[in-house]
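Shared between the two complexes below is subunit A, which pairs with subunit B and subunit C, respectively.
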Partner chain A sequence: MEAMLRLRLALGFLLLAHLLLLAGSSSHPSQDLQIINAERRIDLTSHIVRVYLTLKVENTGTSQASEILLAFPPTQVDHLALVKAAVVVGKRKKKSYSPLDVKPTEVPEAPNETKYFSVSLINPLNAGESVSLEVLYILTHSLEPFPSEISQSESQLVYYHDSAIMLSPYSVKKQMTFIKTPSTKVESFTRVEPTERGNTELKYGPYEDHHPYSFSPIIIHFENNNPFAVVEELTREVEISHWGSIQVTEKYKLAHGGAQHKGVFSRVDYQSKPSISGVSSFKHLLARLPPRVHSVYYRDGIGNISSSHLRTDSRKSELEIQPRYPLFGGWKATFIIGYGLPLQDFLFESPDGKRYLNFTFGCPLLDTVVDKLTIKVVLPEGSKGPSAMVLFWWNST
Partner chain B sequence: MAVSGKPISSPVPEAWYPTLSAFMLVIGLMITASFFIYETTSSKRSRSLAKELTTGAVASVFLGFGSLFLLLVCGVYV
Partner chain C sequence: MAGKAEAANGGGVKLAAMKPDLLPSNTPFFFRSLKLKTKQQELLIRVVVLGLVYILAFITRLFSVLRYESMIHEFDPYFNYRTTLYLTEKGFYEFWNWFDSESWYPLGRIIGGTLYPGLMVTAAIIYWALHFLRFAVHIREVCVLTAPFFASNTTLVAYFFGKELWDSGAGLVAAALIAICPGYISRSVAGSYDNEGVAIFALLLTFYLFVKAVNTGSLAWALASAFGYFYMVSAWGGYVFIINLIPLYVLVLLITGRYSMRLYVAYNCMYVLGMLLAMQIRFVGFQHVQSGEHMAAMGVFFLMQVFYFLDWVKYLLDDPKLFHAFLRVTVTCAIGVGAVALGVGTASGYISPWTGRFYSLLDPTYAKDHIPIIASVSEHQPTAWSSFMFDFHILLFLFPAGLYFCFKRLSDATIFIVMYGLTSMYFAGVMVRLILVATPALCLISAIAVSATIKNLMHLVRAKTKVVQSVTGKGTSAKASSKASLDQSLPFQRNGAIALLLGAFYLLSRYAIHCTWVTSEAYSSPSIVLAARGAYGNRVIFDDYREAYFWLRKNTPPDAKIMSWWDYGYQITAMGNRTVIVDNNTWNNTHIATVGRAMSSYEDEAYEIMRSLDVDYVLVVFGGVTGYSSDDINKFLWMVRIGGGVFPVIKEPDYLVNGEYRVDKGAAPKMLNCLMYKLSYYRFGELTTEYGKPPGYDRARGVEIGNKDVKLEYLEEAFTTSNWIVRIYKVKPPNNRW
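Presenting the complex of A and B:
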């Protein structure tokens, strides 16, 4: 009796495993989808690289496709800060964008250690249909300064490595890449015909009929004097007080992430010839704070720093700070910014009795890269059962 | 997850803090003063423990709340 039961269980398990294997093998997506048109716009104007992809994907297979894979070379994946995707709904004047879920996935037998992100479609794509996707991804620390050391009067030149052919697990029928540089000074760029160079724009393409996983590396050497503001470490402490205020204290370790400064710093040259001297340095930083902020202070280890301006609005507040000295390549500055916020803008009570703090996760400084961010929330006395949730995908180790 | 709750704010309107702290401290100090006057003007026989205790308790309540609101007015959100 028991043996019969065990045999039945084993058979059942085998059948299930077989079915699962079948299902798994038939959902390999690369053969089904094809990208008809891909347009890539790479924005290199700041030290954060923003890439806008417009893909028109067609389902040439027979089964429904519910996800689209985006492939990235392993060197780029380490520097990815954000991947966002949206599907275009409607045509021409009535276009609207619905955001889609993007998650990193593993695909077995990925060639050359390619990493993938899967975009889940809201309505699965039927056979023969096509959909238009807009993808934005942001890369940080991707511009390599070359020469790596410059003097005060030199301009900063950086390398950008990418591929003229978009890396994709699907075959691409037609694609074009537009690269926008901050100024007209481009020292050199790899030519992959047809290539054109306009004022501040490089055009690669159109390229026709490329196989999946085709890659054509290019290097662009250009001038980028935009502030390379990198916050190496940021600790934010949020104190909640039920008597009506939230106090935020932020400790920054700011550095200039561009080409290292070599030689002497001459204040005379810096102030008398601002168009030649110190073009790659920066001295202003802008922080965007919530509206109705009060008691803002900006100090460092020495004491209060008075070179700051606060402009408030009904929708936002802008704090413009100026460190004690301009930052050249490799120079660092540490400071503390603190401010208070009204409680009713951020703390809510849900119908089931729990209290929620709805607060932004990131750094309020605009156009900066934060390497290490710690947020501490100080709850009022007597709080029980705290839990936290972030609205983006993160590695929970 | 959408946050669909009503905003939480202080049980006492924030605009009242300075006025409340001033009034409570003044009343508390006046009751303290009356306690001192009672102590100094009464003799050992005419003193009543109940009066001393009530005056002290009421004075400490007012002074306590007054100093709480004083701390809140100064920005130390306890």
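Presenting the complex of A and C:
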């Protein structure tokens, strides 16, 4: 055959934790900063834990500070999927957020293997000044089902471990933590006074004047019947065609990551009492595909799966898929979603004649965790010198 | 190739016979400039028609792909698909030496030695060829489209066969008839990836080549037919039909005094080479010299030698008296030696007796009494008249007409097709599935009838036209000339001919409509996916089989053993990728009977059997919720019969009440408490299936079930599909003793 013109560029990377493997610079936490006010909102309503952190940081020292450190206990860092920070500019109605650069960093003599992320400020913080930061971080696989095996009629209870007092390398003057649970059913929670329990909300704090690295572990045991949809492996193949189309094939290995299903599966209960039977199981997923998607298919190793619906409009396409059977804890399913996209939406030409493909690493399935993601880009015949630009650590093979 | 070349030169009788008169006077100038001669035009029409028929045969079989999807149908095709996949992944030698431990647990199955590899090898070769040409198709698509592709090829063979038997017109009609004949479509729609798909092609090809060899006496054609026979042997067990029909045909020729050197060459070459080639297939092995079913061919082979020898002696001896004496001695000796050899062979066990399947063909009641496993298969039932009508439609009426034409113009070739038609019609009457074998014969004979009739009618119609044309050519007034010509012939002869022609076309178009309707309505369902009409006329899909199989594949341990009735064995191994106890290759009756016994025993007895077979899961098919009637409860009596055939503890009357099979309150107590009943109806009593009916109303049988309080002790429900069609139970581990 002629020279193999089809070049394959495969980017494989792990979304979780590996952000830390290649750490950037190392720095000492400045003792001159202190947090005046910290408010933490932990959203436990799905199996993905979202934490919104509002920090007001003041420079009490004499020198300028250009970065602020965020500290995480090692147990959380392993499950950290994303850290984003933004600085609040303006006040009240003119409030706007400008995103900041966040990268993992290492601090020598960190107590108890605490891991850090450093947030680089746009404008260094002068002595005496203060700044408001908004931080969002997302934890996956952080809810531990307990009991770890449940039968069809039971609902799923999970543990969430955290600290009532925010871990920080700086002293915190005042802080509060709000934890939102999916339902009012909370089996137990650690009390660190003052602690209040609202309807679906737990309130820890306000706590005042805590030294750096203060820690006060809490455990919350609560009901969470949201689908624990975990994509154990996702392989996406993006094939760029000469004929004005991009063909995407996504191979999913889906599992229910919650409490293991134990004993019988009774269809009669599942059908007749949907409110109390198999409440933690799920039977459909929603995939948000790019707009102007065409030739969508949904199949698996033994043929087409007929239970899917596609809704398209000008801004997005929604594909509702049902696996062949409902997924209970520990059950697995594999399937393939494929679709075509117009080339002009994703391929751009630069003045020097190079062409760029701008494509997402994200998983189109809503509310799912992807453990392992591989993206293969199949370039058209005759392509030369491929290179990839990725905003995070990656491994090209 | 040779056939085509001949078609280009010779032939040209029917369609363009009127052209010589028309061409010079009537055709416009630009037609003449194309310079197509009559024969060329005729050839063009023939090639175009054949091409269209070729395409038609393919696309009419694609209904199933359009209605459902590109998938493998039914039961056996799943095994074929699985083995083809293995062949393309692992290569031929691995395939040939494959010991499959996933079926017939704990016995296993030697795949390479127990299957006809022709289909798989064919599909794999197509697959490899496409990949060599850089078409990156999936093997599944190749498998799905193999049968339609071969059906198309069959139309070509039918054309050449028809041409050999009668003329090229009959060939064209035969090709068109066979392209859409439901009897053939039933086994060759897209996705029906079964041996028959290629075997009918091979069958017809072998017959065609043999008839050609007999007609020409050419060694080359005989050789080709031996290879055709080899392909047939590699593809389907139905080759036994060929190896018995051809000797029978030769015998008939010998008896009717049509012995010739051509026949001698054709048969000997075909038989000897075909036999040697067939021995290369492991599953067939030495059966050609050892099995009773193949002995007729051998006997005829020796008879041919005796005939030849006698011929030679007759040539040497001029004295008829002497020859007659010699003839008597030789024939007596030959028959004596043959009988002694057969007797000794059978007695010593060298020649195996006829198999049950063969017996059941000759005696339709044999299987019912002796081998319930053969009788239990629906496609082995005797054929109903309605299915003849359904599958053949007008061919059924054209067949006798065709036979008439054949007898009118008797030749070696027409004798063959008559014999093929009559024998295969008999077999089609014995077994539903053998309608398939009769289809090509019926199409060919009917094609002769259609072609001959239309040709005769056209001669009548055209005879007039000719006169009219020639007269108008001379320039006399048209009116006068037509009057004159009408006067010359019988009254209304032409109108009668036209009316008959129209009638023939009406019949043929009805045939086409019927075939299309049957194909789309009856023969294009994959039977894995069931479709029904919903309350609002919408299409409802029941995809329960795949739901269950995929569940097994993903959520059971990889070494789990599944017990189910043998019908689902192939599907479970192919789609569920799990080990089964019995499957559709019903080679071990005892094993199947053990499963039948477990299904028809009480739960505790069944548990013992299941423990001894290492069963982890039990799968039953249940149609009570959807009204799906081919479920396990309806098949249950066969399980009892087959189980009882080996284990006399199972007695059929225990499950019947006054000879009646029922599942409601009046059912036999053993029936209400056997494993199959319990597994099918477990917790069904709580379910309301139809509005206005009591809970536990079985829609497939239309009764309220008799035992609504089913308790399971040794099994637990593991999975039930969304429409309850497949139910899977887990066999519990034994209780702790203390």
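The rule is short, and it goes like this: the second predicted complex is superposed on the first by the 362 of 397 C-alpha atoms of A that agree within 3 Å, B and C clash if a C-alpha of one lies under 4 Å from a C-alpha of the other, contacts with A are read in each partner's own complex, and residues count from 1 in each chain.
What we mean here is this: contacts are C-beta pairs under 8 Å (C-beta built on N, C-alpha and C of every residue); 3 or more make two chains touch, one makes a residue touch a chain.
All values derive from a computational prediction rather than experimental measurement.
In the superposed pair of complexes, A:Ile302 makes contact with subunit C only, with no contact to subunit B. In the superposition on chain A, A:Arg324 makes contact with subunit C only, while subunit B stays out of contact range. In the superposed pair of complexes, A:Met389 makes contact with subunit B only, with no contact to subunit C.
Using the contact criterion defined above for the overlaid structures, shared-chain residue A:Gln260 touches neither subunit B nor subunit C, since it reaches no partner. In the superposition on chain A, no contact is made by A:Ser155 with either subunit B or subunit C. Overlap of the subunit B and subunit C interfaces on subunit A comprises no residues.
Interface residues of subunit A, counted against subunit B in their complex, comprise 239, 241-245, 247, 295, 340, 342-345, 347-351, 355-356, 358, 389, 391.
Of all residues in subunit B, only 1, 3-12, 14, 72, 75, 77-78 touch subunit A in the complex they form. Residue ranges on subunit C touching subunit A, taken from their complex, read 69, 71, 529, 541, 543, 546-547, 549-551, 553-555, 575, 683-684, 686-687, 716-722, 724.
Considering their complex, residues 263-268, 271-272, 300-307, 324-325, 330-334 of subunit A touch subunit C.
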